[in-house]
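Okay, got some structures for you below.
After this come two complexes, each holding subunit A, first together with subunit B and then together with subunit C.
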Partner chain A sequence: MAAADTPSATLRHHDLCSRGIRLARKMRSDVTDLLDIYVQRQGLDASISVAAVDGVPAAAAERWAEQTGTQRLLDNLAAYRAFRSLLAQMLEEQREQLGDADAELGPALAAVLLQVSAFTYHLEELLELESRGAPAEEGSEPPAPPRLSLFEQKLRGLGVLRELAQWAVRSVRDLRQLAKHGPGSGAALGLPESQ
Partner chain B sequence: PQNLKCVTHNLHKMVCTWDISSKRRHGQAEFCYTTNDHLPRCYKTKEKRVEIPVPESSITVKITTYSISGTAFATRRFEINKKDISFVPLAPHILSLTPDFSTFTLTLKWSDNGSAFPYGLDASWEIEVLRKETMEDVTRESYNSKLTHEDVIHSWKWKSDMPLECTSHYVRIRLYINVTQFDGHKDWSDWSPVEVIPGKDTEPSGSGLFPQDTVVAVGSNVTFCCVHEEGRQVQRMSYGAKDYPLIRLSSRSSAIRVLNANASDASGTNIVCRMSENGMDGTVLFVGYGPDIPEELSCETSNFVIIKCTWKPGRASGLYGVRGTKYSLIESISGKNVSCEVNEMKKERVCGFPVLADQKTYSFVLGVSNPIGQTEASLLVDLNQRVHPETPEKLTVSGNSSTSVRLHWYINGSFAEIRLLCQIEISSAHSEQKLHNVSMPGGRFSTYTAQLNALHPYTKYRFRVRCSAADHFWRWSGWSGTEEHTTLEA
Partner chain C sequence: QRHSQQDSHIQYERVGADVTMKCGSMDWDAAVTWTANGTDIDDSHLNGSYLILKNVDLTQSGQYSCYEGSSWHLKYQTYLRVGVPPKEPLLTCRSNNYPKGFYCVWHLPSPTYIPNSFNISVIHGTREMVCEKDIFPKNRCHIRYLQLFSTVKYKVTLTVTNALGKSSTTLTFDEFAIVKPDPPEFVVAKPVPNNPRRLEVSWQNPSSWPDPESFPLKFFLRYRPLILDQWQHVELSDGTSHTITDAYAGKEYIIQVAAKDNDIGTWSDWSVAVHATPWTEEPKHLTTEVQITETTSTSTSSFMPPPTTKICDKGAGVGS
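Here is the complex of A and B:
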């Protein structure tokens, strides 16, 4: 299937990228606010260090500069799909633990989850434009998380939000790269045509 | 032979032991004793120890020692009176020591070996709990019982002030039997062998911060311990934002003690243990109140379909989500039980219970519980005396007369088994507002009608209606909407 490179596709690609950048920036600022609420509501020390959280893709990428546009999109898509299910799980835990007492953290979490879902859809659109199509989500349900203690749950939530904030920054940079090179930049670097 | 001592463990038999003063090598010894009415009885022994029945009165003992070759060395006589005999029960035997980690409770079970003793003796037990690597004494508690000439299994519970995982807990027990008619010296038994509940700090990979995710009442004192791998050190432990002094329990376990805990936030107070090599562990403590007894419990029905109970919750528990206060409504005549969905943040508390066929009286118990405690309130209700009808709807006014009108309205509900009293408010521009009461049989989800006479012709009236139970007034419904109607000209 040839890479789409018509003027309308380019226009559409540029539009999707710039809208994606705006969404990622908004997400970035909302996640930063959410982090402050989260640390305060969970009684955590803001400086507490959190080990890498299972299932959370790291935003830092080796040889980031050499990635193709498609690889960037695929990495982003995998990450935000993971964040979508992690945030949904956090929201459920929040409701279970705080119930009616939480009028702030739950809504803020839900708002960010909405943005992550929107951004995920956005990435899928961009991949469609790459004439590549977004990979299907592996299996319908993510594996059930290990039973964590409440403190571990709090730390994992902090780890998820910190990493999401990093990803929001990376996504802005990735989309800027994409915007520079136009649709099908994956193919431009000699990647085999998708069968 | 010297230092002859006789000790009985069971008031039936006694063991007599003695020493040999000289250093020469000895063979056997002959132990002979006579009570005043018997011939001497003799025993040969190499043990310097003989078991004989406890005598009724004093006895005379003659001990002769022999050389290896059998020649007699020395003979000595002893007079043993009853008061010279000591009574020391055998050390008790612990049957089981069972931990309940969720409540930090140890349950000790032992047999009192009562069959070995006459009926009715008073037994005093001392139970000692020790802790830490150094087996420090934590508490020594007494427990009294009566021996019944049967072997009775006793059970004793003890709640530790710290989680049992923190470090090993040891328990032992000893016995004292107060035999008033025994003249001799009475003493405590030896301690039983120690039983141990190993702490997590003895397990090769045992680690963690305990207790895990617990709920306690405001004002509680709580001990938290940080169990870690061998070689690591606990650097500091904090409760909320404050560091606490460390208490060393063992090489792999350190604790802090929080006194008089304050109410926690909804997400609980974090306890963090920071260790060497960037090690960190944590747990969460929820500190709240047990539920208050519900006040002003009141139940009524607005439609004979659902009974609505309301109450005032009292002080907020400070516990939310899965730890929030749970309410259930139990009706003891029918045995039916309903759990109530309650929003902890809302002041009003409501719970619905279905009206049951052929049941007029309801004996309600509102059960209230949360992880800290439970309480209840009860109420006996005759439903016919607790009718609070819904607001009348669809009020219409009809009439083609100059002095009378007919009002129609609908009330949602099944009132077939009672009479209704309805009050019609009549207002017009130039006459005083009047209230007209009318009673009528109740119906099932039906429309009701009333006629008003003696109205003024060609006059604009405003009508509205409300209803209540006729026989046992409880509460008026709300007022219906207002309907306007102008009577015809005369």
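Here is the complex of A and C:
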């Protein structure tokens, strides 16, 4: 495996970052569309506020600018592994609720689940390149959701999709920071303090 | 000779109010004199020693003084300020330096004619954030993002208070929704030599945008010949220059650029407009000797160089 800072690793790193940025931007656009479909199909009010949902990784980050490249990748990977399971649960619930009659929400959910899985794999590759290797999957499965009422289930789904949309933007920013500094850059990738 | 003795204070009254002023501790039936800004007020406004002002208006703001009839001792003095309570203030919050923070700016839709005080509170989830007021302008303050990528909305409440009342406005918004860069700067448009249909446009990221590398901007260019109203547009996802290749030859163009974060928020306002005219071939004033003989033999040429024209064509050396 190429050491983290060889030319080929740098090229590969840059390629993975830019492909990752494109995938994250596409995912964000599809999640935004999915949110519209979800709100409409589930009969929810788009402006409803949803409290933090247990087991859903929050995209909000403090001192984001000071994170190291590896921290960014690890945070992203943990988040998207969790979203992969959450979306799979939602897909299952959605099939139970709406069955095959629904030709819009199910496919849209499945498409986003596919992108989340692809992006998770992408992050694992990047971590491999950081000569660090992606952490094992055990323990990253979110706890089985508590028995919820139908309305609570719908709200939870809304919370999941909203956080995912925020994560997609965060991932674009994270990958840009990574692309800026090359592989193996454990150092904090701060924001210039010019202003 | 009038003696100033009594403490004076400010009295606020609404436009249209009826105002009664007592002459300090003087009895109702005491002989007194009232002045407004030093001018005696006639007795028609008095009810005993009380001063009665009906349906006051802005022009009646001023200093009112009451003197005891015989000793001319100043018994009462007030500064009357006529005004109105504040209407709901107009509040705008915006991030033009994302991801550093955002600012909020406010103003009143109409004047109150009396001093107002403003209080702003910024709540993010359960956390109250500090809005650092600017020295100038006074109606603006800044908030630093403590968290990025949050799904929790920001709630900003502005309360304006004056002596006659209070009013407030609340804004609730998502972090991404208020991101709006400043317009691009240093926009320059130049003709491209030997290309009569091209214009080269370049600009810079707004200096207020802190990290264009991690938070790249995309741009929108609009251009039109001055003779037309219809703009042409082109969106550019990166880079800070563009070559217009379909310009009308010889026509002066007006060009503007706008900016937006690549992923979130809204477009900036248009930049300052710049003007440019595509390159045009230099008109040939002089025709060489050979050409002259040719033109005279083939046609009766209508072109007669004005006697003052300076012959500048080096090759021919004809007349100078």
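Rule of thumb we're sticking to: the second predicted complex is superposed on the first by the 179 of 195 C-alpha atoms of A that agree within 3 Å, B and C clash if a C-alpha of one lies under 4 Å from a C-alpha of the other, contacts with A are read in each partner's own complex, and residues count from 1 in each chain.
As a working rule, contacts are C-beta pairs under 8 Å (C-beta built on N, C-alpha and C of every residue); 3 or more make two chains touch, one makes a residue touch a chain.
Just so you know, these numbers come straight off a predicted model, no measurement behind them.
Asker: Do subunit B and subunit C fit side by side on subunit A in the superposed arrangement, or is it a clash?
Answerer: fit
Asker: In the superposed arrangement, does subunit B or subunit C reach more residues of subunit A?
Answerer: Between subunit B and subunit C, C touches the greater number of residues in subunit A.
Asker: With the two structures laid over each other on chain A, which partner does A:Ser149 touch: subunit B (first), subunit C (second), both, or neither?
Answerer: Once the two structures are laid over each other on A, A:Ser149 reaches subunit B alone.
Asker: State whether A:Glu96 touches subunit B only (first), subunit C only (second), both chains, or neither.
Answerer: First partner only, subunit B.
Asker: Is A:Ser49 touching the first partner subunit B, the second partner subunit C, both, or neither of them?
Answerer: Both partners.
Asker: Which partner does A:Ser18 contact after superposing on A: first (subunit B), second (subunit C), both, neither?
Answerer: Neither partner.
Asker: Scan A:Thr32 for contacts with subunit B and subunit C and give back first, second, both or neither.
Answerer: A:Thr32: touches no partner chain.
Asker: Which holds for A:Glu62: it touches subunit B only (first), subunit C only (second), both, or neither?
Answerer: second
Asker: Would you check which partner chain A:Arg41 touches, where first means subunit B only, second means subunit C only, and both and neither mean what they say?
Answerer: first
Asker: Superposed on chain A, how close does subunit B come to subunit C by Cα atoms? Whole Å, please.
Answerer: The answer is 12 Å, the least C-alpha separation in the overlay.
Asker: Using the superposition on chain A as set up above, list the residues of subunit A that contact both subunit B and subunit C.
Answerer: Shared contact residues on subunit A: 49.
Asker: Which part of subunit A faces subunit B closely enough to touch in the complex?
Answerer: 41-45, 48-49, 95-103, 149-152, 154-155
Asker: Could you list, by residue number, the parts of subunit B that touch subunit A in their complex?
Answerer: 209, 212-213, 240-241, 265-272, 278, 280-284, 320-322, 324, 343-346
Asker: What residues on subunit A touch subunit C, complex-wise?
Answerer: Contacts found on subunit A: 25, 28, 49-50, 58-62, 64-65, 159, 162-163, 166-167, 169-170, 172-173, 176-177, 180, 189, 191-192, 194-195.
Asker: Help me check something: in the complex, which residues belonging to subunit C touch subunit A?
Answerer: 97, 99-100, 146-153, 176, 207-208, 210-211, 213-216, 262-264
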